[in-house]
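Heads up, the next two complexes both have chain A, just with different partners, chain B and then chain C.
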Partner chain A sequence: MDSNRTGWGLLAPTLIILGVMGLLPFLYVLYISFFDWNVFSASGQMEWAGVNNFRRLVFDSAFLGSLGRTLLFTLLAVTSELILGFLLASTLLRDFPGKIVFRTIHALPLVIAPIAVGATWRLLTIPGFGLAPYYLDRWFDIDYNIGRYAEQAFFTTLAMDIWHWTPFVTLTMLAGLTAMPKEPQEQARVDGANRWQVLRFLTIPMMMPVIVTTVFIRMMDALRIVDEVFMLTGGGPGNATRYVGIYIWRVVFPQTDYGYGSAMSLLVLYFTIVLAWLLFVALAQVGNQQSSS
Partner chain B sequence: MTSTSFRKNLGLIATYALWIILTVITLLPIYWLFAISARSRVELFDVGNFIQTTFYAPNYLEPLTDPVFQRYLINSLIVATSNALLVSVLAVLATYALSRWKLAGSNNIFFWLITNRMAPPAAFALPMFLLFTRVFRIGQWTMFDTRIGLILVYCVFNLPFAVWLMKGIMDGIPIELDEAARVDGANRWTVLVRVILPLTAPGLAITFILSWIFAWNEYLFAASLTSVNARTITTGLAGYISVTGTEWGQMAAVAMIATLPALIFLIFIQRYIVMGLTFGAVKE
Partner chain C sequence: MSSRRLLPLLVPLMIVSMILAACSAPAAPAPTAEPAAGTDTSGGDSAAASGDTSWWSEAAAPYAGVTLRGVSESTPASRYVEEVLAPMFTEATGINVEFEVTSWDEMYQKAIQDMEANTGIYDFVYIEQDIIYTYLGRDFLTNLTQLMADNENLASPDFDVNNFTSFIDNFKDPETGDLYGVPMEAFIKINLYRTDLFDDPDIQAAFEAEYGYPLSVATTHEQYRDNAEFFTAYGEENDMDLWGTTVQGHTGHPSATYEFVESIAPTYGVYNWGVNLDTWKACVDNGGEMNSDTAKEALNFWLDMLNYAPPEATSSTWDEVAASFAAGRAAQGWVYGENATWIATDTDRSAVVGNVGVARSPLSDGVLEEAESGEGYIGYYDGGAFGVPHSSRNKEAALLWLEFIGQESVQADWAVAGSRIVMNSTFDDPKVQEADVATNGYYTMLKDDGPLYRGAPPFPFHNTLRESMDPFFWQALAGELTAEEALDQACAAAEAAMVQLGYGE
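Here is the complex of A and B:
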């Protein structure tokens, strides 16, 4: 083996770019979070604030509300997608004519730009010429207006996320189910286990690594949702769909409250890391159980 | 007909029914987007008229002939293509190093990489904006509102993704092949170009295409780190809703244009999309 210098040399460009574009902004946001800094304030300068920004954060009910809504949104979206995706994947296990076509169309939303997904759903739900309000009113006599009703707006963003990302879960579950050895299930059926028992005690435990990976990726993306919701509702009505990404955006850019925005960014980053770490631990435990059993 | 084959057929019918409904659900919003993009302002409010028979071309022609929109489109093409190229090259070099050398702490580096991908962009938009406007500057020139700035920023999410995906592929190439070529007198560089690259080519193509799609689709950084010159098509699309008296037909047309390249790519990579979207963690 020749010297490690060549190896580090090959790795260097990647490390430098990610250091400057990934690590440096993190350190910078950490630094700013200890200052009062609003470009439109009286001085417009950075002023040392200690932990004031964080203290303010803990009592900021609007921000905490936004964080809560984001968590609720993530929980509902990921759970629905997981259940739907698992069920859909299990219908794709056997071959039937046209399966490839169905699967390809199902995967379509995955590659559409989130901002275009938002635009699409906006046109679907807009009062006046959207399909949804027109037919809901005509067929079910429902007054559907996501510009006015908070709950409808929340559930519409949820529906949009499920439309956009269930295919991802379907495809990962399908990959996992296909790769799984079939003998244990068949043996268990012969031994008299019913379908439910096979699912509960064999399929789901064996699928755990795939399930945890899928939940991990979906959760990270759901927590930081901005583009689609921004296009669909703009965070409204009121603050019904002002998820934490949009909330930070508003504090940072239109209001230019840099110090406070930094503190918020850090808290969100912290939440994301903690959740990611918890899932990583869960994944490791699943791995251990499987290798020991 | 025996009862088992009857049940089997019933199951098949149920499966078809389910997937036909799902296909309709998937396609309906996209169809409606298309329908609106083909309607003039007057036709727009005729919602009951579901089937689109006319095509109002100005919705497409107006943005496509507008120099500003053309610039957005060209910027998106340049940024996505350059970023995907850069990311693919760097990922090959990095994974070659990670896979063939025993570097101290390389496992930690590997995991640190993925944390970059998971960071919420909303949390990074502010420090990036401040760095770009105030710190990354040479004289009058700042990195704010430049294509090179976007190309580098998109590395934050694309490079970790590409490294994770390529690592699995690189590890799958037996090291004996390297050694055989080395015995024949090839140096490290020749091994990489002549032995490794041809074997990773399919994986590299997937990496390139998915990186391209992610860069093309990105909105938040493009919106916060550009103002005029380097704006991309996603920011152009978002711009339609902040203006009063929105041209909904045009907005739909732009959304269609923004969606088209990714749809074309989907046809090529649909078999590998799972591996790509899970960074190689789930393979088909």
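Here is the complex of A and C:
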């Protein structure tokens, strides 16, 4: 009984902080999502709306388009970062000249604030002044203008995210690969397995916990991307890079449509949880199949 | 630590240092927080500028040590307040001023949230002319007339509302006439052009040979287009970084919508963004004008200008447009007047000093007559005031601050630094007249043509309406929608947004 009390006493500060910083805002957002509340409305007051805000979401093609764009961005960004990060981590396991310098430089983007990353990429890509449009035009005759061409803007935001977060994936993969026992791989090679078979049947299954954790973290981050993209393109051109975070920001702040914005936030939270759960179940099944085989 | 182990740490540091050093030299002049060159940043004669300093110190005695917090958009006029007027006020009164000068979006976000939640973070906020109707509708602001009447001992002898231009009327309650904001900036959006190019005899001859009429500052849209086309070709032929016009066409920022509805559409005779203020409808079928043939003609003209604008046009807000013009990259363009003085005089930031002319925008037939009669207007009269939020915990000290910036004696230097004038007497100040010569008549134009320009329509839902329209203008600028499609969709979205807010049902 005493140890129970001590346990709860030690947990209490954390639980209180979590409750105040996490649970209460969530409950408040949930509450607001059932109201029409816009500072600029004729009444300016909160008015009960029932589930109307959620019904609006289903028919809001701009929001749904934004959600789809975000999912595509997340899929491409996380996949690319995972592959690149794994390859870089594998490379960093070996010795080569300048390895430590490379590893340090490679990790630098991680310590840069997202808003600064956006500003740097804006300076790099701004039409008329940036290095990227200048050299792409001069060397390859490519008219690179992220203020005008939707595909270019989308892939530039993707490249920016990959540049920013691949080092994180590399470091987690490197930690996993370094901690992995060497004996099973040596045994497999003695038994005649080639490098691909070692990777496919040993390394990847053994790395699965690291991969799953990394994918979860990156997926949740990518789904709520705002700062860098807002700085780089503002969500444009048109709707090309108006990811769901920027969309919600515009509804909640410039439009001050708090009720509708809250409903959007909850739907995105729901999607994130569902995606994370599906991913977890799928990867767990893969892990079980591999361990049983 | 051995040198072998230090090396990996030092090399990246050196690389980062070199990159940062290289980044410190900007590729193009950009607006900074510095007042314009040649500007007296002392605020003029200090004693005169602060009026009777003994009165200020006596009146402020009960509030000495209080800290006033304010938020404003980062404009030349606001930066002058932050750097010059706030320290002067603190020196005269002992009241501290913490002034956040931030981006336009963030300024609104912070001010509105503070006033809506009644948190009392801010003691004074920037009230742009276009948002005053919303703030009044929500009782966000303190009645300054009443506050002065309740605190007669705080009524400065140097503050008189009658000294202000008629721009102050924007910040009065239409019914009672009570004041809710003290104007701090007012300017018009003008057509800037390069005098060195337009006055060059060789260029004039080349233009006339090609178009069959003399080169001059455009008074019609057709002429503006010809000028833009000519100078773009001229820049290309002579391997110059020169284009025919600016376009404030950022495809992800509200400034693009603003340029069209406030500076282009009115020159075609489409006013109030095309919204019928009686019915709150925007589409032609419902009595609005947003998607009228005239509005579509105006949008087609503006989109066509992208062909003659620098490549950065689709990434340019109001700041970048001014920077592009100052860098000498456009022969003519629509630029907010607050930038006129530094572009025309500041050699540190502008490559076109001494070569800047100011003019009205090109107009369609009949628009000038409508503006002169008061039925319409030819462009945007921008500006704002400082007001005291109803949630402020230091209303009396904030009143003193507003009276301080509303003194006649601080206006002239502020006018030169920020290209803004809010008092009639400022036009006659020698410093302003000197700046008028340097800008080829900007201040004269502000005085004489000011009545032809107008602020934003009295929408009580300004931001929401504009946000509903933005995506269609962005898509049109990106070439995803035609002008016709963009305006048809924008007017429908605008009507839906107004209905959602409880207007025009």
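Descriptive notes on the structure:
One rule holds in what follows: the second predicted complex is superposed on the first by the 266 of 293 C-alpha atoms of A that agree within 3 Å, B and C clash if a C-alpha of one lies under 4 Å from a C-alpha of the other, contacts with A are read in each partner's own complex, and residues count from 1 in each chain.
The criterion applied here is as follows: a residue touches a chain if its C-beta (ideal position, glycine included) is under 8 Å from a C-beta of that chain, and two chains touch if they have at least 3 such contacts.
Keep in mind that what you see is a predicted model, and the values were worked out from it rather than measured.
Contacts of A:G176 after superposition: chain B is touched, whereas chain C is not reached. In the superposed pair of complexes, A:V268 makes contact with chain B only, with no contact to chain C.
Touch criterion not met for A:E81: it reaches neither chain B nor chain C. When the two complexes are overlaid on their common chain A, residue A:G234 makes contact with chain B and with chain C alike. In the superposed model, A:F253 makes contact with both chain B and chain C. Between chain B and chain C, B contacts the larger number of chain A residues. Contact with both chain B and chain C is seen for A:F129 once the two complexes are overlaid on the shared chain.
By the touch criterion defined above, A:I105 lies against chain B and chain C together after alignment on the C-alpha atoms of chain A. Once chain A of one complex is fitted onto chain A of the other, the partner contacts of A:D161 are absent, as it touches neither chain B nor chain C. On chain A, the surface patch touched by chain B in one complex and by chain C in the other comprises residues 103-105, 108, 123, 126, 128-129, 234, 253. In the complex of the two chains, the chain C residues touching chain A come out as 7-9, 11-12, 15-16, 23, 27-28, 105, 108-109, 112, 116, 134, 137-138, 249-254, 310-316, 324, 329, 460-464, 467-468, 471, 474-475, 477-481, 500-503.
Residues 38-44, 62, 100-101, 103-105, 108, 123, 126-129, 133, 145-150, 233-242, 250, 253-257 of chain A are the ones that touch chain C when the two sit in their complex. By the touch criterion stated above, chain B contacts chain A in their complex at residues 12, 15-16, 18-19, 22-23, 25-30, 32-33, 36, 44-45, 47-48, 50, 90-91, 93-94, 96-98, 100-104, 109, 113, 115-116, 118-131, 152-153, 155-156, 159-160, 163, 188, 213, 216-217, 219-220, 224, 234, 237-238, 240-241, 248, 251-252, 255, 258-259, 262-263, 265-267, 270, 273-274, 277-278, 281-284.
Those residues of chain A whose C-beta lies close enough to touch chain B in the complex are 1-2, 4, 6-11, 13-15, 17-18, 20-22, 24-26, 28-29, 32, 88, 91, 96, 98, 102-116, 119-124, 126, 128-131, 134, 163, 167-168, 171-172, 174-176, 178-179, 210, 213-214, 217, 220, 223-224, 226-227, 230-231, 234, 244-246, 248-249, 252-253, 258, 261-262, 264-266, 268-269, 272-273, 276.
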